[in-house]
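One chain, chain A, appears in both complexes that follow, with chain B as partner in the first and chain C in the second.
On to the complex of A and B.
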């Protein structure tokens, strides 16, 4: 059978300062008409570069396509020059592309109408009027309301999700045979992610287009892809049908990935198994299996023999590049069933943190000259209690105010209203001198490990700084000892303490951030999305580290995240925020077993589970519309404009938080009846 | 620990130099600058004659074996005066820029970090200073401070403060809300600590570049002020003053004015190339790719 796109032995390398990096190494794959396939891998695995190379979109130099043959139907793509007319016809005409960042992939100074008409004019040869008509129909096809009116709008007038819809419209404008979506939803919220993926799916089904999704999210793969290619260090290490791979992963890396991610349907006691990570991604020396340094299944054969080829395993079309057979891998797994469960310490009864009616307003000036300003309420009368020794998860989509709550608690935002009672001391009324003395009791771990460490300071002095600020040490020796101790505590070698931040990998940097937070012996650590900037296999390490530290030091965490599976894994109590309000809060198991608020239900349904069998049977709730901006919050219940059960009273009256037993608090009119 | 710290620091320096001199043109600029600095330091040993000794018999003598570049109006050896002039020009250039950078950095740091009214006041003053043409400002300040080497340094320094303040202020504004500064605040670090131990080091790379570039500019400004008569007092030698003296005889005795002119050009060129090289390697986007 003839494939729509067939790629054979593709190799791409980048030359930077005399050193050559092989980004893609001998990669072959195909996609058939109407098929949905997916490329999975962590950052730097070469999954995006492979796709860009097919379209000849790699900038040369520094990149160069060393080898390979790409057949698109009957055309040999690499025969054409990168910017020649044939290549331009393929891009957009035969292959459409959707990029990761909807914020930067549209031209900000041109109307979306003209950006959408451009591919139509280029690839279909129709005249202006007809192109405009088609553009409008495309816009309504991708779900932009009032398509005709919005043709003249500029990209900044659309939200992220809407812009990604426009990108999809542009990608399908030239009637392509194949759409390549490069991490299409990574920058989007969970509910928007579900919308965009559903859109891509319906659009490709309707036009018979093939769809290639590049992603690191195994859940998305399980929900949408029919076949999967798993990439590691520039090579395909496993490929096959989605259900085969999820049921019987046959490469150590795939197994590692599946064990490393927390799942929505996990039991809470399963300990995540991270993949051992060397400091830097190993460079492929072309002699041994590239995964060898991180592999827990390695045997003598792996060292003595060269790179394993992709070999077909039990099922048809399921290939894996590993010396060991699936049975041998299973056997090793069985023998190493240790410490896969976590013992959780019971949280104490007393409250370490009590938030009462916390509100944060930001003034918005209308113009430079006018003194009038309106208030933007980012957090609206939020109250919750955190018990000593527990992990309190605060979940919500971007813009719901969860980070603002965190920043008010550590007093990075100073003019919040309400009570922040920490250890029975109202933090919100402390004077700045008193505050500085109390500060070491609450610490914070930041989201982005790349921007939260001073790039000019050595790792040792970063971690040791709180000791000096709060005068927690009496001598230089004690200082050195304590810094070494902190490094060891977070799993870093103290010999690294003279390095500066950029010499560490992302995961190591986050460990440094944790060590710095621990330095002053805090009672409470506010974790603001501490793992969302990290790769999947590294996330598991950091989560495990946080859990171990909690056991060891009796810490309390306020854990803020948008990833519901992670929050479920780590938290004892969870609160769900929407537009600056807490809509539901309950003990973790209770919330996931019995979500009551319609928003929580939709959020949970939107999270894909990395198992195709389960995904088939799950009910999907796709929320209409988008998160409203805080400026025009709907009257009454803030969720009333998207809720499937909205009644009259929801639009008029703000629902009150009520207890429905089991410490389960919900703010919803429907439940009251 | 200290020992390891030092060796780490040294390896950093080696890498830094390796990258700096990776480009030939930067080597050329550095050699120029080093040559001039050496000349200034060793002036008494390398100058063939006493630069102040007058010999009216040799007034406006053409170049000869004894006096390679000839003699000036009062019969003083031009080469020797040129060599001694390096001292004046370099020290004025360097110290004036130090004054400017020192004041500018502090003002910019405070304005950017404290913000609000303080920022507005400092910024408006700087804007006002910037809006006066540099030469006018220098002349005005010259009236207040009088002429002479010390006041020349102060004048030139004061008139370049606004550039540093603005650059610094913009840098601080970009950094002060970054996560690592927030992290310091959460740790309970005080304002002084945050400003000087975290913000300042992270703002320095563009300042260093501006610094080297400004030295060239200041030497030129010194030359023009000396040319206008506001410069160093006779009989002290300065390149600017020498151009001033020689320019009226440009046609009859071109070496007289051209020699110091060429020196100024070479020194400014040297500093500019060095500044360019520094800018390239201190660019934060290139950091980590060493």
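On to the complex of A and C.
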């Protein structure tokens, strides 16, 4: 049978200064008409570069396609020059692309109408008027309301989700046979992610288009892909049918990935198993298996023999590049002594933190000349309690106010209203001298380990600074000892003290951030999306570290995240925020077993579970519309404009938070009836 | 957009107002008597008394400022004691000459700079790029007065192809005018061409690696269209700033070039009036520069808004 696209032995390298990096190494794959396949891997695995290389979209120099043969139907693609007319006919005409960043993938100075009409004019041979008509119909097809009116708008007038819809419209405008979506939803919120993926699926099914999704999210793969290619360090290490790979992963890397991620349907006791990562990854020398330094299954053969070829295993079409067979891997797994359960400490009964009616307003000035200003309410009368020793998860999509809550608790935002009671002291009325004395008891871990560490300070002084500020040490010796202790505590060698931030990897930097937070012996640590900037296999390390530290030091965490699987794994109690309000809060198991608020239900349904069997039978709720901006919050219940159960009262009256037993608090009119 | 322009316009008016106050105070900030400052030292007591009255020095300073502004709005900048004629006539005579060079130089340097910059960015790493970058760096480091002297010595003194001084409008005598224009214009433009080229090259390179350029290519857009249709407008923003800043030269001129080639323009006028403490002329020159710079900034801001829709909204 002939494939729609067949790629053979593709190799791509980048030459920067004098070093050559092999980004893609001898990669072969195919996709058939109407099929949905997926490329999975972490950053730098070469999954996106492979796709760009097929379209000859890699900038040369520094990149170069060293080898490979790409057959698109009957055409040999690499025969064509990169910017020649034949290649341009393929781009957009036969293969449409959707890119990762909707914020930067559209030209900011051109109207979306003209950007959408461009591929129609190029590929379908219609004239201006007809092209405009088609563009409008495409826009409504991808779900842009008032399509005709919005043709003259610029990209910045659309939200991220809307822009990605426009990108999809552009990708399908030239009636391509294949759509390549390169991390199409990584930058988007969970509910928007579900919308975009469903959209891609519907348009490709409707037009009989093949769909190739590049992603690092195994859940998405399980939900949508029929076949999978797993890439690591520029090579395909495993490929096969989606259900085979999830049921019987046959490469150590695939196994590692699946064990490293928390799942929505996990039991809370399962300990995540990160993939080991040496501080400095040795370069791929082309002689040994590239995964060898991180592999826990490695044997003598791996060292003595060259790179293993992709070999077919039990099922048809299931390939893995590993010296060991699946049975041998299973055997090693069975014998391993790694603990797979976490013992959790019971949280104490007393409250370390009590938030009562916390509100944060930001003034918005309308113009330079007028003194009038309106208030933007980012957080609206939020109340919750955190028990000593527990992990309190605060979940919500971007813009829901969760970070603002975190910042007002540590008083990085100063003028908030309401009570912030920490150890029974109200932070909002404390004098600044008293506040400073209390402050070291609350510390914060920030989202981006790259920008939250001063690039010019040594790691040791970054970690040790709080010791000096809060005068927690009496001598230089004690300082040194304490810094060493902190380094060891977070799993870093104290010998790294004199390095600066950019010499560390992302995961190590986040460890530094944690060490800095621990320096002042805090009772409460506010973790603001501490793992969302990290690769999947590294996320598990940080989560495990946080959990171990909690066991060891009896810490309390306020854990802020948008990833519901992670929050479920780590939290004891969870609160869900929407547009500045807490709509539901409950103990973890209770919330996930019995979500009551329609928004929580939709959020949970939107998270894909990395198991195709489960995904087949799951009910999918796709929320309509988008998160409203805080400026025009709906009157009444803030969720009323997207809720499937909206009644009259929801649009008029703000629902009150009520207890439905088991510490389960929900603010919803429907439940009251 | 209208609101945006009005806001910028108000800002410009404020700037001009503040500059006018300082310019007005110049008369009184100069050491010595303001009457001597305005008329020079060579006057009799009667002339002094008349001038004292005429200048309104017996009236409060606020009234004097209002009168001064009123006169200027009517086109009366006072009298230059050095040139013994009304300043306005002096300006009328000098300004067109300087503007002639300034406008030509801006047109040439912007067009050439943009073209060379695009060429060098799109051929990055190739021979074309190397040559253009080398020349641009050379042009940027060469001082203008040195270029002027060098050009004069080569083409006027040794080869005797071009005249070494003077200025004629093309309407008066076209051939002479072109000959006299070439050398000063060359000296004036080389630096600006080089600057624009370098800026254009770097901003083009910056734009080319943006995601939306990749999107355009992935649509199958022709490479020449990718540059002209998608990249150019985005890359132009820094160029607009640069050109706006050099607009000042249209009225204030380049003093060194005007002096070297004996061109009677405003640049020369400003320097000589400052040196000879010709207050009225100095005031006029400063005010004109201030107004033109404000207008140039206004135009720059409006063109930002035209190029980039995101600025329009703010």
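One rule holds for everything that comes next: the second predicted complex is superposed on the first by the 668 of 673 C-alpha atoms of A that agree within 3 Å, B and C clash if a C-alpha of one lies under 4 Å from a C-alpha of the other, contacts with A are read in each partner's own complex, and residues count from 1 in each chain.
The working rule: a residue touches a chain if its C-beta (ideal position, glycine included) is under 8 Å from a C-beta of that chain, and two chains touch if they have at least 3 such contacts.
This structure is a prediction, so every number in the text was calculated from the model and none was measured.
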item	value
Room on chain A for both chain B and chain C (clash or fit)	fit
Chain B versus chain C as contact partner of A:271, first or second or both or neither	neither
Vertex chain A angle, Cα centres of chain C and chain B, expressed to the nearest 10 degrees	30
Touching partner for A:248 - first (chain B), second (chain C), both, neither	neither
Partner chain(s) touched by A:456 [first = chain B, second = chain C, both, neither]	first
Touched partner set for A:263, first chain B, second chain C, both or neither	neither
Chain B versus chain C as contact partner of A:502, first or second or both or neither	first
Minimum Cα separation, chain C to chain B, after superposition on A (Å)	8
For the chain B and chain A complex, residues of the former touching the latter	1, 4-5, 8, 178-180, 182-190, 193, 198, 201-202, 284, 287-289
Complex interface listing, chain C residues touching chain A	7, 10, 125, 209-212, 214-223, 230, 233-234, 307-310, 313
Residue numbers on chain A that touch chain B, as the complex places them	16-17, 410, 412, 435-437, 439-440, 442-444, 446-448, 451-458, 465-466, 469-470, 480, 498-499, 502-503, 513, 516, 520
Chain A to chain C touching residues, read off their complex	55, 57, 59, 61, 83, 88-93, 96-97, 99, 101, 104-110, 118-119, 122-123, 154, 156, 167, 170, 173-174, 367-369
